[in-house]
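Following: one structure in structure tokens, then a few remarks.
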Amino acid sequence: MIEIVLISTLNGVLYGMLLFLMASGLTIIFSMMGVLNFAHASFYMLGAFFGFEISRRIGFWPGLVLAPLLVGLIGVAVERYGLRRVHRHGHVAELLFTFGLTFVIQEVVEMVWGKLPVDYRVPPSLDFPAFTIFATNYPAFKLFELLTALAIFAALLVVVTRTRIGLVVQAALTHPAMVAMLGHNVDRIFMLVFGVGAALAAVAGVIAGPALVTQSNMAALLGPILFVVVVIGGLGSLPGAFLASLLIGLVQTFAVASNASLADLLGPLAAGSGSSFLRDIWNVTVAQVAPIIPYLLLVLILIFRPRGLMGQRES
Amino acid sequence: MLSVRDLHAYYGKSHILQGVNFHVGANEIVSILGRNGVGRSTTLKAIMGDPAPRGEIVFKGRPVAGLKPHEIARLGIGYVPEERAIFPALTVEQNLLLGLKPGQKASRWSVEETWRLFPQLRERANAPGGALSGGEQQMLTICRTLMGAPDLIMIDEPTEGLSPQMVERIGDLLQEIARRGISIVLVEQRLVIALRISHRVYVMGHGHIVFEGTPADLMANAEVRREWLEV
Amino acid sequence: AEDTIKIGYVDPLSGGGASIGQIGLNQLKFIADDVNGKGGVLGKKIEIIGYDNKLSPQVTLVQVQKAIDEGVQIIVQGNGSSVGAAVESFVTKYNERNPGKAVVYLNYAAIDPSMTNQNCSYWHFSWDANVDIKLEALTNFMKTKKDIKKVYLIDQDYSFGHSVADTTVAMLKEKRPDIQIVGNEFHPLVKVTDFSPYIAKIKASGADTVVTGNWGQDLALLVKAAGDAGLKVNWYTFYAGGSGGPTAIKQANLPDQVYQLTEGFNNLPYKPAQEVVRAYIARYKSEPIYYPRLFNLTGMVFEAMKEANSADPAKFAPKLEGMKYATFASGQEGFMRKDDHQFFQPLYMSVFGALDAASQPFDEESTGWGWKMAAEIPTKDTLYPTTCKMKRPN
Amino acid sequence: MTPALELTDLRKSFGAMEIIRGVTLSVPAGERHAVIGPNGAGKSTLFHLISGHYRPSAGTIRLGGETISGMAPHLINRRGLSRSFQITNIFPRLSVWENVRCATLWAMGYRYSFWRNIERLADARQRTEEILTEINLLDRWHVPAGVLSYAEQRALEIGLSIAGNAEVLLLDEPTAGMSRAETERVVALIRRVSEKRTLLMIEHDMGVVFDLADRISVLVYGEILASDTPERVKANPAVQQAYLGLEAS
Amino acid sequence: MSERTGAAPAFAAPPLPTGRGAGFLAIFGPWIAAAVLLAVLPQVLSSGLALSTLSLMGMMIIFALSYNMLLGQTGLLSFGQAVFFGLGGFLTVHAMNAFTADGPPLPLVALPLVGAAAGLFFGIVFGAVSTRRAGTTFAMITLGIGELVSSSALILRHFFGGEEGVSTDRTGLAPFLGLTFGSQLQVYYLISGWCFVSVAAMYALTRTPFGRICNAVRDNPHRVAFIGYDPQRVRFLSFSLSGLFAGIAGALAAINFEIMNAGQLGATQSGTVILMAFIGGVGSFGGPIIGAILVTYLQVALSDITDAWQLYFGLLFIAMVMFAPDGIAGLLARQQPLLRGRQLHRVLPAYALALVPGLAAVAGLSLAVEMTNRLTVHAGDGPAMSFLHVPLRADAIVPWLVAAILFAGGGWLFLRAAGVARQAYDEALAVVQGRGRTS
């Protein structure tokens, strides 16, 4: 029992931090700029492929620095020459713009790297088990993931609370012209924020690439789970996103560990239910539905607490 | 301080400003009067760069036309819009802090100063700007612009929605601002207050200036008042 | 009348499934070029036309319609049982509703047993062993492995995964009642990014063998998580050789622990096949031959055409029924069962690991590791009855 | 006779701050009642409470004798209370015509009707035309409301609030930002539309207040300081001190 | 009171709406024309593919319009519209299977009613949950619901048929006027009939008090409450009705394909409908119709022409969003005053002038894309290829130069020509308005 709880907690925390790593850039873009950036996963994929390409030439560590820089620049260019123009036409237009971008990025990645997975490996310097609990190894690379997530969280927290960038962006959502007339270069700040968001996605890509599968469909497979993290955490709240990542990580891990089903719960009743349709519902285990629990959580939280866990506003 | 010559501005295809000329000296309070819709607000906005002005705008000896709004603001022109443009989701204090320009630490007008002038705002320091009463928003928007330590401040209808008593206070405040070395361009509906505190007044009609003079000149000119101010 | 024989290949050529769909298309083109170089079939050239179905049954039907409009009477499709079922049902209805211009569906990878059982169709021929047959073969293999004591099942939560799990449980119970099933887990299809909790469960169960029908990312991530956690078990799989699988196994460092059941693999010691593989690799660099069965499929169809002296499915389909054929991978004989149009052939258990360069020339995905023979399951051990009541056109 | 609107010990707090501190007020039917008071006194909040935008923390509100405190805004509106907003609140992308017509629909009984052709509703059309004539926007009927000038939007705001023919009308600073001449036109309009109705109005323009109001309540710090006829309010030294400045004197 | 002393209004105000119906032909003319068009289309486009594509367009038109009831009319961005499409389809398939066996003899033509009922039912159920909120919150709830429903579809295998889905045979139902609906042509007429009825119904809906209040809610939900309406109720009704029509579309899909599977209620399908509505233009009723036709056509045709179709698809959307955010209908609507003022001839030459370099730039770009594709994805097929029927080698320098020149030169010329076209447009508009003022 202790073994299951301990291991599940550990796995949950590790998974949660991976989620946060992937979602941090989206939190920045979505909750600060209000842009539903569907291309976030594509930037993440670009990060992974750039990381792969750089790491096989000069090594993982230069890749960890260079890939996010490159993707950040791409993000800046996307904002400057595309999104900025679309911005005045509203959120739906922005969303579709990034939606179109996902197609383009995926196709370009396929042209350059093909459709098959690439052999993106954990750097040898981190390729060893860091510790072992109950005969289960925890690779050093996972710890590195965790530390990076924590570092990013701390750094973003400092930037958001210690500078006025967050305020400027938030103010510009309602009165962009006024913010400019107070002397703030709104355009440049938006560009920076978007660039940083893209770069953060790329950091996640560089790190998750070796841990997961680096393939041209990895963006599409990531799905909307990151939106779930940001929204559950609460729009505009970095700590919220952090908390939500942890929560989802833990909930999912513990759900997998459980084999309970309605049939177990209401055993005798279940026997009577003849319809095959009901039997389906009856016999589904918690573990089976683990990965869709976050969506359930999303719907429930939005219904009962639309601001999310720690959000300051409902939009 | 500021001189505007042959200023034109358009909204889409409609030609709103059709050659506006005026100037403001150091420490001077200048009012622009006129009926609704003649383009007074547009004049101020065009000076701030949005809508894009055509013509000559010189501030502290530097041509300003063609610069972006934030560059103009950084040169030292402050603008208080008619619609107040309070950032509703930010707290009162955060609204004030946004008045500081990037890199600017403190200024002649600090948050403390605001609290002193309008103790009412201090009580609301942590309330969202959107929750403020109409009049409180008006106070906040003026103080927010002052935080940026402008050399010239352009204020659009500052007394709208203010109680008579508060109107007086604003009048005094404007005079104090001017005493501290800040020039003021005031767009005002209420003649009483404008005439009381202005050094000079312009009257605007249909996109250009139709009268220039001291308040006393205007009081003496019944015809202008009737035709262009409807009083 | 036409001077080419058009074969419509309907499979995903874009999006998520494209990586496998494209490989099938390349292989068909390779075969067609080879056949055309030798003068074609019945004096006609073979033309392969790719139709992108985006892995959606509905798009597939539009594309099949398009292919038929363009004069295609032979549809080849494989990926996705949902698509396969749709094509089978469409082709059957189409031939019923439009008599005179028959269309035949040659299936190289959709392996839902229903396609050759309750839903079987005269116009459908299947070259891949269906789930029942594969599991019959797999359990026949496991029957002989006395060191298997505790088996854990983990599968994707959809029909194929459930077939694998249910059938394995049933067959093992019959053939090896001493084996303990210590877990029977389902996880959502391609939604899991972190398999560590599942690995923790497997570990806790004390299993020595895991049977999984997983493919694609679900297999790769599962194996990687096992490697990370240091789980030492044997893996019995069907699709570990699919795109990304070998890379993942190598990265997880699980030498000689992952088994795969297929109708052939590159390192089978059969010269003619090895030569073809070499030629293929020379042309499509770093792309493996996943589908030896495509060679069987085309070979048999071309032979049937020659026998019938016609490229009209109505004429050559009867010739396929019961046809015997020396399979591509090993030259051993297989046959097309007349009752349900299912091809039976020897199946092979191979295991992934370091190669002996002399006798095992082909590695996978440039990992340096490759598939090596573990056991051959002769055709007779793969036979599995069918419930098909074939309706033949009169 | 039951008063048109009756507030009893009404209170509203935001967090720890009590903004409305026990307001008791009764407005008889047909009265033109003005609420004045310093900025931030709670006048708009009072309107928000009456119209259902905020829920009162305590106290009751009765409309024509019926308790409406805590009801949703649309329910209160359906019971015959309509209001305008201090900060213009219209439908910017709809035409001026549609703005006003939408505001007439519920009161005319059309509700959520999805089987009637709206263009065939002669009564709604006629009423819309009347209102547009009243607020002098008839020749702008086809323009999207968001494009109107500030003063025109203020006029439309009033148009929306009177379109539903509500018994009780709440106007929050209807003349703010208007020039003298326009203000006079608005005053005339308000006089006309409030002919057979009850009017509650917030204003800072004392000219307008003394011109229109039958009775004036002075709200200071969330409490009613005085509620009386214009003359007596003007003469009240407490009011002078708390509120009226140089302009009124 | 609001005397305008600023710039004079550009137009004299048009006459007030009279409410008296326009002439019979003005109202029903377009509808009759549409009906005739739907009836004769299969005579012109009679291939099997054309009929399938037209059928597909028919159901997608309904689907896109149902979506626009939310996005365009009520201002609700939903990410889960396919849920109603899919559930409508699934219930229809089950109904078809039930009636085939020994259920009541319901003809196939009536089965979209099952889809409608299912769509409405689930619209009510999910609407009750989601429409309590608006804006991003609403959007995210629908995202969650969509994800939940489509995930459950794989788990509840008996109802949704697992991955294969549930298939059926449409000819098994009671014949209707002797029709068994075996042929695609008959199915086409069934779909176009339902399409016509649904479009007419949805159009009528926009012209009702409810329709107008939906627009008001889109513009300013807060204010709606103060004119007597409950914005939440309006959203709810709009959502439910939208579900109803999406359900009809799903039912038609089920009839057309005779199969329904989980993919039909997933995110891809929901995304497609957003694209359709937006590309066509959410601002007008007809926009989504154009969008549905165009996007369906592209989906069917583009993948034949090139397998880098996703790239072109993406670029097209990006270009649309950036340069024509009102969609195609918006672009067309801008030509309307010119057409009415008989000034269109003034701008057409300028448009044509812009079109030529524009096409050249597109050709240059796609040449580069295709050559890259050949060298990377299709390296195994060798560098010899053909582009627009011109044979060339992807590894030669000349084609690359041509591509670069076409793209850069065409792009530059296009930008200049676009300026000219814009100016021509402004001038023509000025002429029209000038006339409007004097008349």
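Letters A, B, C, D and E mark the chains in the order given here, with residues in each chain numbered from 1 onward.
What we mean here is this: a residue touches a chain if its C-beta (ideal position, glycine included) is under 8 Å from a C-beta of that chain, and two chains touch if they have at least 3 such contacts.
Computed from a prediction, not measured in an experiment: that's the story for all the values here.
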{"item": "If a chain touches subunit B and subunit E alike, it appears here", "value": "A, D"}
{"item": "Maximum centroid distance from subunit E, chain identifier (CA atoms)", "value": "B"}
{"item": "Of D-E and B-D, pair with higher C-beta contact tally", "value": "D-E"}
{"item": "Distance between the centres, which are taken as Cα means, of subunit B and subunit A, whole angstrom", "value": "45"}
{"item": "Distance between the centres, which are taken as Cα means, of subunit E and subunit C, whole angstrom", "value": "38"}
{"item": "Separation of mean Cα positions, subunit E and subunit A [Å, integer]", "value": "31"}
{"item": "Euclidean distance of C-alpha centroids - subunit C vs subunit D, Å", "value": "75"}
{"item": "Sites on subunit A at which at least two other chains make contact", "value": "110, 115, 223, 288-289, 291-292"}
{"item": "Residue list for subunit D, restricted to those that touch at least two other chains", "value": "149, 151, 178, 181-182"}
{"item": "Per-residue overlap in subunit E, given as positions that touch at least 2 other chains", "value": "2-4, 6, 151, 155, 157, 310, 377"}
{"item": "In the complex, subunit D residues that touch subunit E", "value": "51-53, 72-74, 77-78, 82-83, 85, 89-94, 97-98, 101-103, 105-107, 110-122, 125, 129, 135-142, 148-149, 151-152, 154-155, 160-161, 163-164, 178, 181-182, 185-186, 189"}
{"item": "Footprint of subunit C on subunit A - complex, ascending", "value": "3-4, 7-8, 11-12, 14-15, 18, 110, 115-119, 121-122, 129, 132, 135-139, 142, 210-213, 215-217, 220-223, 252-253, 256-257, 285, 287-292"}
{"item": "In the complex with subunit D, residue positions of subunit E that touch it", "value": "1-4, 6, 9, 13-14, 16-17, 19, 21, 204-205, 207-213, 215-216, 218-220, 222-231, 233-234, 237, 241"}
{"item": "Complex contacts: residues of subunit C adjacent to subunit A", "value": "15-16, 18-19, 22, 157, 185-188, 190-194, 196-201, 203-204, 217, 220-221, 224, 228-230, 243-244, 247-248, 250-251, 286-287, 365-367"}
{"item": "Complex interface listing, subunit B residues touching subunit D", "value": "35-37, 82, 120, 123, 127, 131-136, 138-139, 157, 160-168, 189, 192, 229-231"}
